[in-house]
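Quick one: structure below, then a few questions.
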């Protein structure tokens, strides 16, 4: 097993190298660079947008170096942890990212938890009670969850939250608490604001998971070992959970690996609509403004996590399903 | 065996099982009545699709929608006396759970998929013990190992922690048998135990079942379509066709003097050493689908002795005793007997 | 005012005069000029000083009084300049304390600016501020500033002429920091005869410097004492690079730029280095940055701020300002409507005014309607020097530009987009300007589609293949792509209407929205058929020095209608393309206007330029003097009910944001 | 129970007796016939299929169905709410012909808000198959026949109007034409790419297989957002709306094929060893014949199911692209474009009817998923499920 992991890890290096090349090209593809992108913000900041200022900024951030040099400096820095300096936000990239990581992780974990806690029981219930009224109702509800575009759902929930629950629009704290010290009231206020993104992100994931869980479980319920267990006199609830669900859940356990990048990337669209300071909008702005250091480094982090995630999910699958053996 | 204990361990009386499908209700078991003698092996024989499995599944109430028991009663007479009407037990009643695997247990046809692939052998066998006996885990493991050794699995202590996919089909069937018999049930239902394994393993499994049955005195209901297996294992036989029992007798008289044309046809199509390389005779036509049961005697379209106007009209013939413990459901049974003698 | 009688829809306009603060809501309709009586009279002249208004002792904010008691701050008398300036608030004397909330897009409007000179409320004249007086000599080549005595930076260090000289000699002339110097500053000389006098000498007369000192004067003076520790002339570059690396900066240049309070809002040594606490660039403004997080910047009051109110209270009144960073403009509007901000201006769209007004009670705010300073909200620019010869010939033909202008139904745009509150007008200066004439604004703004069609027919631009779209005179397909960038004014909705009007007279123009760098790169590279911008720089403050829409002298992302001619002017004739006679005339007039000190001559030349625009339609205006919505929380007092809002007067500089105060109704 | 394979028949006969010819017809049914029989029994999926067919028909004849053209502006009713269709008028009298009320526009001078009050005094009857705005049906021929409209000069806005006074109902119908087809074409391309690449990887194996696998990994590793943005930024600036539309479809399919390719590869790998494939090879069948005649049909049903599931993904993708401002842009009209301007606080408070296109997106996506569900159950005719 360890030999398998080692050569998978070695295999990652060429993949990541190719990804870094593609990422660099993708970001530098459109014309213009981070400085031209800053012009709009400078104007709004009330600073004068003059040709002289632009050339000064370009020189300052070595943006006028040839492309290969910029690529090598960027990838060189990435390899030993120095993510470089964001031209657009004028701050070191790792400070920018780490500031927002804790919130992104909190929201992502909350929504993933919500997804698992909802999807698995509902999936099981609708599989066991197949073709019952509850099954149809849950299927339609799950489909509705998948069908509503996330930005629409977050907008409506934000409005409902404000109108009926008095939750202030956007952001994580109501104005009174933005700068207050951490207190129980502030935590309460945070929780009040957190349930909207959690539901929006959760609903999307839950719907998909319910249908996969239902399909897997239906396949397993037909298998003979279920009948054997019934013949042994195992109580129904214990039987369902110990045997078919145990097998039906395997594919989900392997998706844990895929969650690694998702936890960090956070949903861009929902965060923009709800104005949450997660890493999603940070990546969106960086891409819109072609801020190579920030966008490039962040994408590399996500890609690295994805590749590791695939390995983790394979290992998890092998761990929970003895039939799979990796030499 | 003291007199108060009834002669039969299990009585199936006029059992009806029906499958509800979009195309209509299929009567898989159309009024079956038979009983199992204590300590004996009773066989249910018939081609596939005759309802023998449905019958066996109903005994342990394992039928799930779309199948359902729509009539008849199943009476179980445990060793300690008393009588339990299995059909009356509630779906989720404690009585049914204690019965399954504790008093009556079952082994299945597909050894490959009868065991959960992701749980160890030990886990699954111990579970059977712990469900029905108040013992500690260690004792349960001890009993399991003992039972595995009994069913002929070598180095059981190490094998107990292996997974099913690490074992051969025959080995797995032995585990299933061990799991079924570990709680020393009174009845063992064996649903085509040897069909899915090759001939050499088949002989071993049959030998194993016979010895265990004798040693533990378990009355066994054997479901099979293989008359060879019946001849070797069974004491009493019931032949089924299209959901009905057409002939019931002890094995010797059934083999020697079959009375029902279908039974005769089955026996004739058995290859015997005496045969000198002629084409094997077979019964004409094929088993009609459950939905196209012909009127009158269900066997009449394929029966050599069928008399139009008699056999193919009215209700299917009921069982008629024509010998000691020998019943047959054929209007012309006696006439055929007479013709045969002459 | 009633709308056009539409079939099936009868229209009644109910006039409900709402009383706001005792002032009758102005009559609906594009108000040309705001009456001067709206603001205190003292704002129109040089501010009086404490001695002139007989002020002896001064008072300070309670939070500063505690620090004085604790000994960490000198008393207010020592902190204020020798003779502090007295600023009269628009309402009543304010109350100290409170925390104002504003969004990053409007941070400048509340945090204020402190340039050497300032602008009057009608955006027509320059007034003294840090400097008590200024004078030109030697025919406009020499400009002298006389500073007030005793002014101090926010860290207590005195403000002297050395700070102005340091900017020129160490920043402007340093080729690393400023690789390209702006034209007039080449081989200029800045000297400091004494601590409170600054002398500027230029090769050519530079009359518009006084207006630049008012508009973005804060760039001309820097905290010399502070920047010395980050400047390569005083600290070896190697040490600077090490310090930069330590504090997470890429190069000493970006480190110095941060220290100068340039683009970086927050310069601190404690990022991951060893220094004691946050090091913040000293400023002269009323508020100093104290803390920053991804979504919030916290500004505290500047203890050494140099101004007082008529009662001797040191300004500003508000203790703390939260600048909130939001990811999307839509969210800002939502927050504004639910009362989460004290003042919101820039991000608000004109078309959303009904939303703001209906949310006033719930959000506990009022919606003030100021006048936008833009001469025209959408100025359309056909590329007269387009690389496509055919298009160039068409655009350079005055009849084509007239047709473009006459086919626009400005009245309908005004109704649909601005609720009838703006003024249909051609691209020209705002009415309060001394260069303004009514005829300039009325040129070709009537809606005469038939006249436009006749003009196009005259030119031979007719529909040959019967598909309803006119072809070029030589029969080729006439297709124009208008690329535009969405900023500040409602461009999208206006252009969807204009495109339709042009289609009605047979012109095929397609809209293509682009982002900021595409707009920047394609406009400068003269690759655009047609673009548009918002016509700022139409007031007396900026029109003389930056007449982008009227004279080919500038090349950047705002314009593309004569890129090659501007390049010809900028390169002194080596590059670009020699402009046509009328355009060259414009350049000559402008050069003379920007170098003569004679006021009358300046006005005469200015009017010539504007008349040329009115006659030649170099750019096509749509609707101007639009209403600018301003959401002001009920807590925030002393904010003038009306005013001019735009780049030319830095939105709120003439209205003294330091005199605004918070009257908390109940704890939010 | 497990050995009885419950046969499929058509006409149930009481008492379990079935007409022989029904059994006969069933036995000879082709794979598709079987699928259709099985699909028919999934009621929800059938309803969903009907809804989809209706929507595709409406968008195909959008010129006829919508009373106005997408760019017809009615300056008199800017941002006016949907006009309700009535049958009973203010006096309680029932009219067979449905009618709408005209609006009285009042501008509240204090809040500058356009207030529309239905004028219940004179109703405007709705007429069907009426002559109205002339427009070019499929850009081929002129027509001015419309499904419904007003005769004597009234205006009808079933879904209200947008900030320029354009009829939202017509724009939703025309927008459907783009949004619904973007899904089909996108999936068709994904279909081709997925099967081709997945197929050659699965069938040929070796270097090709590892190459395709590697590119799938890479494509799936890079987060979606930058891929979308970079490719859409690469679309040249002067492309007309329609070219951008095809560009966007290419983008969505360019990113969508990896999932399908992986599935197809897996199927090919497992089928390669199947007996009927070896048998076909033994009979000397050519490479392509084996792939297309033998292997493909056996999992075509699965591919179709995943394709129907992919279409909603494409439609949602288009709305997401438009939300980020990198998808389709005016003057092209699609549900994504209509929603782009509508998803903010102002609309929810002041003019919520502008969110109606979102409702259509939800309906279409749910319908496709339900049909996909039905197909998946029907796709495997030999599944023993009821």
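Residue numbering begins at 1 within each chain, and the chains themselves are lettered A, B, C and D in the order written.
Here is the rule we go by: a residue touches a chain if its C-beta (ideal position, glycine included) is under 8 Å from a C-beta of that chain, and two chains touch if they have at least 3 such contacts.
This is a predicted model, so every value here is computed, not measured.
Looking at which two chains touch through the most C-beta pairs, you get A-C.
In terms of Cα centroid distance from the overall Cα mean, chain A ranks first. With centres defined as mean CA coordinates, chain C is found 40 Å away from chain A. The geometric centre of chain C is 47 Å away from that of chain D, both derived from CA atoms. One inter-chain figure worth recording: chain B and chain C are separated by 94 Å, centre to centre, where each centre is the mean of the chain's CA atoms.
Distance between chain centres (mean CA atoms), chain B to chain D: 55 Å. Shared contact sites, meaning residues of chain A that touch two or more other chains, fall at 30, 158, 169, 224, 273, 288. Shared interface positions of chain C, i.e. residues touching 2 or more other chains, are given as 330-331, 334, 518, 522. Listed for chain B are no residues, as none touches two or more other chains.
Within the complex, the chain A residues that touch chain C are 30-33, 36-40, 42-52, 55-57, 59-62, 84-85, 90-92, 95-96, 99-100, 158, 162, 168-171, 174-176, 178-179, 271-277, 281, 285, 288, 290. Listing the residues of chain C that touch chain A in their complex gives 101, 104-105, 107-108, 113, 176-182, 216, 219, 248-251, 253-254, 257-258, 263-265, 271, 293-296, 298, 322, 324-328, 330-331, 334-335, 338, 340, 346, 485, 487, 515-518, 520-522, 556-557, 650-651, 667-668. Only residues 223-225, 227-236, 242-243, 246-247, 320-323 of chain A touch chain B when the two sit together in their complex. Across the interface of their complex, chain A is touched by residues 60, 62, 92, 96-102, 105-106, 108, 110, 113-119, 127-128, 131-132, 163, 165, 176, 179-180 of chain B.
Note for the complex: chain C touches chain D at residues 3-4, 6-18, 25, 28, 330-331, 333-334, 337, 351-355, 357-359, 412, 415-416, 419, 421, 481, 483, 492-493, 496-497, 499-500, 510-514, 518, 522.
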